[in-house]
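Okay, handing you the structure first.
Chain lettering (A, B, C and D) follows the sequence in which the chains are written, and residue indices restart at 1 in each chain.
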Amino acid sequence: MKPYDSKPCRLLSAGELTPGIFDFTVSCPELAAMAVPGQFAQILVPGHTLRRPISICSIDKNSGTLRFVFQVRGAGTEGLSKFREGDTIELLAPLGKGFPIDPDKRTLLVGGGIGVPPLLGAAEALGGNAVAVLGFRNRELVILEEDFKSTGAKVLVATDDGSYGFHGLVTELGAGEDFQVLMACGPGPMLRGVKALAAERGAQGYLSLEQRMACGVGACLGCAVGLVDGEGREYFGHVCKDGPVFPMDMVREV
Amino acid sequence: MKPYDSKPCRLLSAGELTPGIFDFTVSCPELAAMAVPGQFAQILVPGHTLRRPISICSIDKNSGTLRFVFQVRGAGTEGLSKFREGDTIELLAPLGKGFPIDPDKRTLLVGGGIGVPPLLGAAEALGGNAVAVLGFRNRELVILEEDFKSTGAKVLVATDDGSYGFHGLVTELGAGEDFQVLMACGPGPMLRGVKALAAERGAQGYLSLEQRMACGVGACLGCAVGLVDGEGREYFGHVCKDGPVFPMDMVREV
Amino acid sequence: MLNVNIAGVEFKNPIIAASGTFGFGREYAEMYPLSELGGISCKGTTLKERPGNPPPRVTETPGGMLNAVGLQNPGVEHFIKEDLPWLSRQGTRIIANVAGSAVSDYCKTAELLNGTPVDMVELNISCPNVKEGGVQFGVTAKGVEGITRAVRDCCKKPLMVKLSPNVTDITEMAIAAESGGADALSLINTLTGMRIDINSRRPIIRNNTGGLSGPAVLPVAIRMVWQVSGKVKLPIVGLGGISTWQDAVEMLLAGASAVQVGTAIFTDPYAPIKIRDGLQEFMEKNGVKSVSELTGGVKPW
Amino acid sequence: MLNVNIAGVEFKNPIIAASGTFGFGREYAEMYPLSELGGISCKGTTLKERPGNPPPRVTETPGGMLNAVGLQNPGVEHFIKEDLPWLSRQGTRIIANVAGSAVSDYCKTAELLNGTPVDMVELNISCPNVKEGGVQFGVTAKGVEGITRAVRDCCKKPLMVKLSPNVTDITEMAIAAESGGADALSLINTLTGMRIDINSRRPIIRNNTGGLSGPAVLPVAIRMVWQVSGKVKLPIVGLGGISTWQDAVEMLLAGASAVQVGTAIFTDPYAPIKIRDGLQEFMEKNGVKSVSELTGGVKPW
């Protein structure tokens, strides 16, 4: 079986979670069958030369669907948001290395803003043995809280302005929890914070990174990321193939 | 009042007359108010740098609508055909010089293939004092026959293969009619034929021409056409501004 | 706050219609007053009338278009008599775009413009669509310097030299124009391109090749303006593929003092106005008090 | 009927993956057998390993993209040991794309390839994204001829020289490569371009400038191939912006004997296969018996 493929897929539902954040469910049984949490898809946006990388938010192998939650940031995601239920959407998926799920280990999932969706699939796969700490700028931007809850995970929400949940940083909130593994996705400063937190606790840490991409499969060497190997040698790895999820010790800077 | 303008307009209905030939009715009261038969619109196709020129097929000033009938020829018209009822479509219209309508003069309208639609507006304006001779490749491609009939015009149809109506050329069919003015739109060989016919009868002849366009308003000098002025001096005029309808004696070659 | 000064000429805003895409302004003046624009660069004008190339002269390309109009124009005297009186009442800056086949033509044309209300002369030494459209002067440093100096000597108006992108090193041409006495530079003109009709096997453009313009060329234009702005002191008018206000901001940051908008007008006749409004809003939001604060503001890595 | 012969190398079809867009084939081989392609031009390879440029290395532009990967590659010996054995079993022609900073690097790299299953060497003297990526050899006739001759002397494989479009006169470079002993030419490499993030005021590409590729450049590529094909006898592999089979037919008509497909693969990984199939269907419908009947078939006005 091909480990990934490019296929036209039917968009089963298209909604808007909060203004500018869209929620798509796509029918693609072959691709869903191969997918693991933390992987991503390269989605074709008509009229655009480069596809846009969007993380797989949730995988339903039974119904053969993948869910994507994305935010409009520029012309590409804007074009993507124009798709409607029933439209055909071209996906190259599943791509990259996802989260190494071990349901026996208590796992802290730390997400910030649009970094929250990729963690939902991990929460599902962890089957309850997870604490999800989700941070947003304010109450209006909170997404997926109920979805995380229904995975059985413990869910804590923080907002920057205190308008909902804990007033402060996800790292502060996460510091109060017990965990053996930490998985995080979000903006750079948050990742630096969780890296420190995991190091402090001696927990294994995994960070999901982003970079501008062209091919999405490892052929163009476009999505470079500074890594360090076991011997401390620095080199450029590639987010699309070596990641997007990296053991935090490999990452030179976030 | 502006003689033409670019406006987003609502597409009231979008149908397919025969495979590959589309029929759009667009709501644009200000533009319809200014339009005369034989003029055209520059229609924006998303993702394309150049607009596509499409003739106004029919004008309804009361309901404030314009009708367009176009054939898919390449990527631009293909894109246009994807619009659906209710969509917004950007029109720059009405452009160019239309047919000089004189309802007191018996007028022969000669159309070939996708050259037929622009004549419908002329038939309407001539209020019955017209003979419309419409040529198509075969029966399947016949369009707008009923529309022409309901203008009160006499309608004759020819097909190249004889599968419908007269078996032969529109010029042969037109030669059997009485007329003082001739107006034609269609492929080059047909236009040469009607030019000869009109000359033979001493009738005033008007030809609607096509050329690749950029601006559509006369600014870029892109849509050159070889013309001859009163003194026999040859020069390049412009289809979008000096035409698309030209007195046949001005046209150097068709 | 939008006003800019280029070589002593005050433009009320930095959005100028590009030569050849706006005629002499009459057609678009039917839609909005030309006074909305900072200026207009008129259709390329030669000493004598030119018939232009046979059609087809234009075709679309991915993200852009080709043109080979071939400098069809009624000649400079007609321009001065028939277009300029009207144009000079429209409340916008008038740039005369001058082309020719010999240095003496350029000079004579420029001389005829000396006593007119034209605000600036743009030397078109980069038209790729006529055998003798001036591009022969535009692709060597010696050629650029020579013609710039010659026209400088006979031209009393501020002189802007329009550079061709079809060169190995655009900065050489820019430096040459500066040495020749140019007051400003505009870049880029079109990149030479070609399309072929695969059924007829004929080049789509009757001239075989044409000039590529439109969004497709934006990155090349930004790069060239950036390179040139690092090498000359002259003010630069940047153009090539600008179709949104964001593109215009990019061009200013790359080093331009004003921008021209061409092909985008065909996609949307109101593009220059929308670009102006978008730029103004961007400046207000970001506390940018004058366009010159943007000029050259890029922070290279 | 799709087979073509270029400088003695038989390709089963004229569709070749372009260097740098297809790695060493492994990633796309997960989706379709590489034997579907006429050949693949491997990622630019240098004598020693290169780390490449820091990110961001790619960004989209209207109708295209910029890249400044900076020739990240594991070095030619790694290529020969780790990639070539696998590649040579895939049933497709292998073109090694060779870059370097000094003539001697190019020569040593080519020499190391002499005894290998590589079918052809593509001399990359046109990479605009590293200070010493060879482009210094690619923009003067003397440079092109010199490096071609030097590598010709030490290279036992058919030698294809890949030309840069960032020059005033591409035909000069083509003639120089021919004089230097090239067996074939490939063109075009990328046009240098730039984009700027208007919020951070930083160039989007960390290298400041990058190479423009994709549909946007197609007209420039077609024009250059057409110009070059009129001036040299060498077979030409045409590339730059080909994304549909129609584009490929155009490129062949312009004078190419085969085509390379690059950026289009990012838009659609199956693009090379769709282009091949479309070409075949077009040939069948039009009674074209061999690709060489299309090569140079344009009828200029």
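In this text, a residue touches a chain if its C-beta (ideal position, glycine included) is under 8 Å from a C-beta of that chain, and two chains touch if they have at least 3 such contacts.
Just so it is clear, the model here is predicted, and its values are computed rather than measured.
Each chain gets a centre from the mean of its Cα atoms; for subunit B and subunit C, those two points are 35 Å apart.
Subunit C and subunit D, compared by their mean Cα positions, are separated by 33 Å. If you average the Cα atoms of subunit B and of subunit D, the two centres end up 46 Å apart.
For subunit C, residues touching at least two other chains, in rising order: 61, 63-64, 214-215.
Residue numbers of subunit B whose C-beta contacts span two or more other chains: none are found.
The touch graph of the protein chains shown is a ring with every node of degree two.
Annotation, chain-chain contacts: A-B, A-D, B-C, C-D (touch as defined at the top).
Against subunit B, in their complex, subunit C makes its touches with residues 20-23, 26-28, 30-31, 43, 51-61, 63-65, 67, 69, 72, 204, 214-215, 263, 265-270.
By the touch criterion given at the top, residues 2-6, 44, 48-51, 76, 90, 92, 211-226, 235-236, 241 of subunit B touch subunit C in their complex.
Residues 46-47 of subunit B are the ones that touch subunit A when the two sit in their complex.
The touching residues of subunit D, when paired with subunit C in their complex, are 61-64, 66, 139-140, 166-169, 191-196, 198, 200-203, 206-210, 212, 214-220, 222-223, 226, 241, 243, 246, 249-250, 253-254, 282, 297-301.
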